[in-house]
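Please see the structure below; I have some questions.
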Amino acid sequence: MPVDTMPTPAAAKAPSSGKPVINDFSIQVATANGSGSQSSNNVLLRSILQMGIPVSGKNLFPSNIQGLPTWFTIRVSKDGYIARRKVSEIFVAMNEETIDSDITDLTPGNVLIWNSDLRRTVKRDDLIEYPVPFNKLSWEACPDPKLRKLVTNMVYVGVVVHLLGIEIAECETALKKQFKSKQKAIDLNLNAIKFGVDWAQKNLVKKDPYRVERMNKTAGQILIEGNTAAAIGALMGGVTVCTWYPITPSSSLVESLIDLCRKYRKDPVTGKTTVAIVQAEDELASIGMVLGAGWAGARSMTATAGPGISLMSEFVGLAYFADVPGVIFDVQRVGPSTGLPTRTSQGDILKAATLSHGDTKHPMLIPASVQEAYQFAQDAFDLAEQVQSVVFVMLDLDLGMNFWMSDPFPYPTKPLNRGKVLTKDDLDRLGKFERYRDVDGDGIPYRTLPGNPHPLAPYFTRGSGHNEKAQYTERPSDYRNLMNRLAKKFETMRDMVPAPVIEADPKAEIGIIAYGTSHWATVEARDQLRAQGVPTAYLRLRGYPFNSQVAEFIDKHPRLYLVEQNRDGQMQSLLSLDMPQYATKFRPIRHYTGNTLDAAFIVENLRAQEKGGHLGETQWFGPRGH
Amino acid sequence: MPVDTMPTPAAAKAPSSGKPVINDFSIQVATANGSGSQSSNNVLLRSILQMGIPVSGKNLFPSNIQGLPTWFTIRVSKDGYIARRKVSEIFVAMNEETIDSDITDLTPGNVLIWNSDLRRTVKRDDLIEYPVPFNKLSWEACPDPKLRKLVTNMVYVGVVVHLLGIEIAECETALKKQFKSKQKAIDLNLNAIKFGVDWAQKNLVKKDPYRVERMNKTAGQILIEGNTAAAIGALMGGVTVCTWYPITPSSSLVESLIDLCRKYRKDPVTGKTTVAIVQAEDELASIGMVLGAGWAGARSMTATAGPGISLMSEFVGLAYFADVPGVIFDVQRVGPSTGLPTRTSQGDILKAATLSHGDTKHPMLIPASVQEAYQFAQDAFDLAEQVQSVVFVMLDLDLGMNFWMSDPFPYPTKPLNRGKVLTKDDLDRLGKFERYRDVDGDGIPYRTLPGNPHPLAPYFTRGSGHNEKAQYTERPSDYRNLMNRLAKKFETMRDMVPAPVIEADPKAEIGIIAYGTSHWATVEARDQLRAQGVPTAYLRLRGYPFNSQVAEFIDKHPRLYLVEQNRDGQMQSLLSLDMPQYATKFRPIRHYTGNTLDAAFIVENLRAQEKGGHLGETQWFGPRGH
Amino acid sequence: MATTTPAQPPPPPPAAPAPQKKMNRLGLPLEHYTGSVSTLCSGCGHDSITNAVIRAFFDYGIEPHRVAKLSGIGCSSKTPAYFLGRSCGFNAVHGRMPAIATGAVLANRNLIAVGVSGDGDTASIGLGQFMHMVRRNVPCIYIIENNGVYGLTKGQFSATADEGSASKAGHVNDQPPMDCCALAINLGCAFVARSFSGDAKQMQAMFKAALAHRGTALLDIVSPCVTFNNHEGSTKSYKYAKDNDVPLHEIGFVPFFENIAVDYEPGSTKEVTMHDGSRVLLRKLDRDYDPTNRLASIQLLEEARTQKELLTGIFYINPKAPDFTEQLHLVAEPLYDLPVERVRPPKPVLDEIMKGYM
Amino acid sequence: MATTTPAQPPPPPPAAPAPQKKMNRLGLPLEHYTGSVSTLCSGCGHDSITNAVIRAFFDYGIEPHRVAKLSGIGCSSKTPAYFLGRSCGFNAVHGRMPAIATGAVLANRNLIAVGVSGDGDTASIGLGQFMHMVRRNVPCIYIIENNGVYGLTKGQFSATADEGSASKAGHVNDQPPMDCCALAINLGCAFVARSFSGDAKQMQAMFKAALAHRGTALLDIVSPCVTFNNHEGSTKSYKYAKDNDVPLHEIGFVPFFENIAVDYEPGSTKEVTMHDGSRVLLRKLDRDYDPTNRLASIQLLEEARTQKELLTGIFYINPKAPDFTEQLHLVAEPLYDLPVERVRPPKPVLDEIMKGYM
């Protein structure tokens, strides 16, 4: 796989002795895109999960449909760590295009299962090797040439199953899951796996220490992608209008929603649907439809990625200025521009928060887990309607498109919060209505919806200057009052977005702040640091604007590290602007390669800075005079 | 005129005594948009200028073509101050729609010249009033009903000319300027002015102290709008491709350029033109054309305002990531959204600097004067080609669309700097070329242009991942290296953008930072503060990224005020992010009403904060814990 | 304060000529259909369109609260503030009215969407959205107030400016015009018409027909800009439009609620029954023309183009085309206020979904 | 490293069938016209178009450095990396190739611009830019690699998907297709053609004709997506295209540098002399057709639409339309490297300007 060439002083060493390593290693499989290897990898992943062992899967795939290199990593972790690890102990080399560079990059002591029918020129004598003639085997296992490629992939599953001691019955269960009830496919694949197992049994001598053993840590757990989780959240959140324009890595969010709604949002009597899902012609149109629908009272959403966020800029400013609700899921990928469309980053944080010209600020919800993706998707609709604002839900490719283990999602207990909407009856009772008056002192005005027959109800929405009565104005004080109300509304949101999650440690001098998917590597890094005698406290941001707990946490810890996955410290910028008194306090740990973050990166960076050392390459563009 | 309702504790008092006030007052004229009053105001402005007296003119106009209220202010200042003043001593009320509110807003002791043929209900006894039956007079002065409206406006010029002692000969000169050589128009208007003078002479008794007297402070000065100045700069800067989409307040920049190029950029032999000016279908297209042209080697530009900046987001990120040059003039107006399209602000500063998704940063040049608008327009083309980047020139409506006195612009002395472009001969000599290699260690690579016949020349430009050879890549280290080079390039720019202008004062404990048009009120405020015993030092920012002088200046002064014309402190954000060690040091003075900034606002805000007082309404959304 | 133009009741006296009858079929006076005082230049064609809209909605008897007025940016896009002051309105961003309108009708399919746009708003920056809205057949009366220039930004050519038309400063446009009617027909638009703001009668009949239509009804109305495009040499001036306006037919309209039999000579009139039962009567003038024949409409517009004829009339009608809400199989009730039980599946559904991922 | 696909020399062996002659008229081998190895799915129609481009530019004898390749985003938009590896290229953002192309040719009018786009890139997000480029007649060969889906994002319908066409998952498209050829003709495009990626000969002839044209030459090429839109029920599959392809005529091309007299039976062939002196010969097949008659081309496409015919051929040519650089009256030399004396007026001019503001 493509390695990060940053020096790795403390790279984990794989055990070269025969002492068994149980349920604590990573497997990486190199294949080509579009070769069907995804099913094999999923079967492997699920089989281990079903044995009660915590697993996670990460797919590193190209921006291409077929033929380019892909790496899938399965982490098996008895302790439940699910971040990427820098080194994978077991490597399965199935792609001729990368076999040489893949093998070159392996760490001494690694296990290498490789397709000996491929042209390989790199020799190593510090690996534990298992050559397997996969092409030949698949000829034997599968007479039908059309299916042979797929079968090859299942044969390597068999070899791995044998070497690691995975239970074959769990493979069968996983296959049933994968291929639903298509018995023919199940049989074909199961046979291929068994073929691989048999061959390995007869031909390979186990030389490595890695094994799986049944545990009971995954009972009742689901395995799901964050995009699907968010889609289920939207479904349960009562979305009624969803517009989109396809873009990796957000497409599968809406495509999941489409599938869900086809099943679960049909009127039982008429067969008609209670949700409008529209593939727009572009992102300018999709956000426009979201706002038109939000204005007219729907729970409306779109999902996109960086380029779409840029295209939505103008409309999002209109929503800010005119108090129009809507939900935008930004599944972040690597920018700028097209960047690396199939790689992960946290590169839109500052951009979404300040999107559009003029003075604008937008709230963000930032899930770290699939469960939060599910939960925040619902919360976003409530918040959008409550505060009459665009709400960003900031996922990333790692969360959105990788498989994550989780407890099943809880059924929502709260009713839908539809915000300050005045009905005809309300207006009858109140006898007056001014669209943009801050009646409650929280910066959030009341609204009516089009179609309300009360004569007081209709008002005119515009992106140009307007007074409290929604009338056109260019009067300086009207403008300033409006801008001040909007700023006040933003203050109100501090305690409406999800509060941070804090893990205090009274002994800790070091505080770590992270957010989104950086969480998982951070959790693991903290355990490693603790083991090294460095206790840390931890605050995980889950929303913007920040509440007062954030300042308290920063204040409390003499040294403060901020982990993020972008170059410019976008969250650091938001924190510094909000709490300038701490602007010099942040010590950046920034990962920006497109790969998912690993604990070693955090530990190494943090320890280097603790020693007063350099920040590596990140230093010279870091804040000046710091 | 629409007044700022913020409490004005120290509003300037107009003298009510008869002691003459010479060359130091403001005149404000209230008319309706599209009534032709602009010519009258210009004639008034020019006549005073030609008498050697420093003047400035500011037009407060509606977002409308005809019939809505407009206020034009002429400031006459023997000391050369040209910022808006909070109070105008002389008010000419010509608009029935606003006459009552206008009169209500006047300060006691003000002079009121009003059209007594209008319906006025507000009575005041604390003003010096001159009622004039303008409708009747224009009937008499102009038999042709079609021209009568225009003539009315010239009649009020006559009345003012008489009252202030403006020389009628200068009016004639000004009229000739205004109407070029159209003798009929000149005669008609001159007669109307004379008619007004005569009537005033016969019917009005001078009761106020305001007078003009010839000086010699304006010899050789020009009177010009910033947009025109920038257009002349672009002309002299050798622009070859200009694309645009009309938007207030930027349209007149390109329209001036069109006029200039029609005259001055024609090949003398063939009559063909050496510049392509294209009205695009929107801003997405105009920026795309700029980048296509910049990529192909042209000096390319566009001009726009906030909404256009938002629409250009995606493309500007591409330019950042792929090192493509281009110049964007952002003539800032009041946002967010459509906002107040005919009012001024500095509301796009942070937005332009960080435009687009992902980690991006863009350089900005920020002129304060028409001369700088001229100069920076040229510099922008040099810089864009030198650093292969989009360069923003941040004007605002105040600079762009108001008339400013200035020395004539100097003819450029430097040759065009076309940056690191390799020709066929260069490639012959070098024998190798990699498009994105940082050969010089400044982050700026070399480029070739399409059409270069050398076999090494062609390369492929893309917004997706690319290595130093411009090849497609998804390799993590390639991505990080590219992002680091771009960050380094940005560092290189610190000393390539215009350096700040510093006015040191060894006695000053207070430092003031301002930029763009805030300069003019700041200059005046500093004089007032000095007169009040409060010396200040001053740094005027003219470019982003900042050079080291900025940190030195901030460091040197115990108390630091930052004057800007937006709500959220957008420049403060950029300074704080760049120099976090000073993040708590900035004391904001923020004006955001759409009106141009005045010195009193600065003085009052600064003095209140010096006393430890509140920051007025700006406080509660200011930085937390500050 | 004068810069605050009222956009709400009390509405000003109607700008239209005094109504013949005092109340419409709903018992509402004309004042219920007027809006704020126009701030456009006096004589602007857009104001005539405003008046025709007021009159048509009054005559047809639409309850104002059922209407949603949507627009982009431009002088034309300001007009929704000047009619139907008792309807909600949304003056969005430049060129993006279609997206806002689409979202609004999806949220609430009971709304009668009236979209107002300019030629710059539609044919320049907004061309993509315009065409995609038409392709979707979003139920909306789409009015282009077409003056061939950008009025609000002071007179630059728009994309509907004719080849050879001269600007006020005398510069000549080199490019062929976008013909929004031809484009709409090409995309399958089921109601395509052109009018001239100087022909109040024709406009009113067209608006009523559009109200009776389901799906996107495109009305491209030549509407002179008196300030920037009313000079000699302009092909969008009042004079030019008056001199060159060739009505294709005379349009009569019998609303569904007036069960009137209309007598006409056989062959003289083409009758089209609209979706709501109203009838559009097209009385033949110079040529035989069948507005339900798409190929004919395409040929007609191409001929008009080559002959530089300003044809007005209803070019194409297809009352049967399914609109976007039907294509999406939406429930009959507006989505926006469906009760929670209808938009949040019950617990067993979540359990079933969760099981699928175990 | 495998994830770094080479985009520069040394170019890979040609993907096209072995050349008949070794060198073209410039003495260059075919390898000078190839690019990197394609990373598209094997069998993708786009690769066939790539091969036809390579062959046409080789045969015509264009110096590769004179070409600028421009594209948007999509599988189709990747292809400029796979042909003419010795030409500069710019793979821009989604749907905005036209703007980049326009800027590039204005900067350097000597460049031969080849724009590649997809149906999503052109007819969905890029519709406005496409149409405005056509309206301006920007000199550019505009290739739409039309597969009716978004390939790169995995198979969603694009706006050229036919009404009734089914997705791989079996969902049916409800909306009428955008016909980019009909739209282009409507806007006055002076070279409009459609082909099928399975017809190499027709494509090559068309590309050569396009090279001989001045202004925007639109080539809408049906190019099946084997991965997402090649199934039963799709109207953009290989099978459907093969079964329904109706060539309008057989296209011959005589380049200006080959002074060959071509014999044909009178009435059998329509000859069009292109701007550079090359001749396009259109040999009649089933119907008489004059591609210089715009009305005829409009009717033809409308009929093809109603009959669901996949007509291929050159629908419209007008070799005389002035292109955008001419409309702008640009000097003959490329603007980008005019010397400073020609782009910076001398001091007296600045003095004169300054005087005007005194």
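Residue numbering begins at 1 within each chain, and the chains themselves are lettered A, B, C and D in the order written.
Heads up, the rule we're going with is that a residue touches a chain if its C-beta (ideal position, glycine included) is under 8 Å from a C-beta of that chain, and two chains touch if they have at least 3 such contacts.
Please read these numbers as outputs of a predicted model, since none were measured by experiment.
Novice: Between A-D and A-C, which chain pair shares more contacting C-beta pairs?
Specialist: Looking at A-D and A-C side by side, A-C shows more C-beta contacts.
Novice: Distance from the CA centroid of subunit B to that of subunit C, rounded to the nearest Å?
Specialist: Whole-Å distance between the two chain centres: 39.
Novice: Roughly how far is subunit A from subunit C, going centre to centre by Cα mean, in whole Å?
Specialist: 44
Novice: Return the residues of subunit A touching two or more other chains; collapse runs of consecutive numbers into ranges.
Specialist: 2, 62-63, 281-282, 307, 314, 318, 337-338, 462-464, 474-475
Novice: Could you list which residues of subunit D touch at least two other chains?
Specialist: Subunit D, residues with two or more chain partners: 1, 3, 5, 93, 124-125, 127-128, 132, 159.
Novice: Once you draw an edge for every pair of touching chains, what topology comes out, line, ring, star, complete or other?
Specialist: Its topology is that of a complete graph.
Novice: With touch defined as at the start, can you tell me which subunit B residues reach subunit D in the complex?
Specialist: Checking each residue of subunit B against subunit D gives 220-224, 228, 232, 235-241, 243, 260, 264-265, 267, 270-278, 280-282, 284-300, 314-315, 318, 408-409, 411-412, 415-416, 448-455, 457-464, 467, 469-475, 478.
Novice: List the residues on subunit B that touch subunit A in their complex, please.
Specialist: Counting only subunit B, the residues touching subunit A are 2-6, 62-63, 306-307, 309-311, 313-314, 317-318, 320-322, 334-343, 345, 347-348, 350-351, 354, 356-361, 462-465, 474-477, 479-480, 483-484, 487-488, 490-491, 551, 566-568, 570, 573, 576-581, 583-584, 586, 592-595, 617, 620-621, 623-626.
Novice: In the complex of these two chains, what residues of subunit D are touching subunit C?
Specialist: Contact set of subunit D toward subunit C: 124-128, 131-132, 135-137, 159, 174-176, 178-179, 182-183, 186-188, 294-295, 298-299, 302-303, 306, 322, 327.
Novice: Can you tell me which positions in subunit A touch subunit D when the two form their complex?
Specialist: Touch residues, subunit A against subunit D: 2, 34, 62-69, 95, 97-98, 101, 245-248, 251, 279, 281-283, 307, 337-338.
Novice: Under the touch definition given earlier, write down the residues of subunit D that touch subunit B in their complex.
Specialist: Touch residues, subunit D against subunit B: 1, 3-9, 63-66, 68, 70, 80-81, 85-93, 96, 98-108, 110-111, 128-129, 132, 325, 328-332, 334-338, 340, 342-345, 347, 349-351, 353-354, 357-358.
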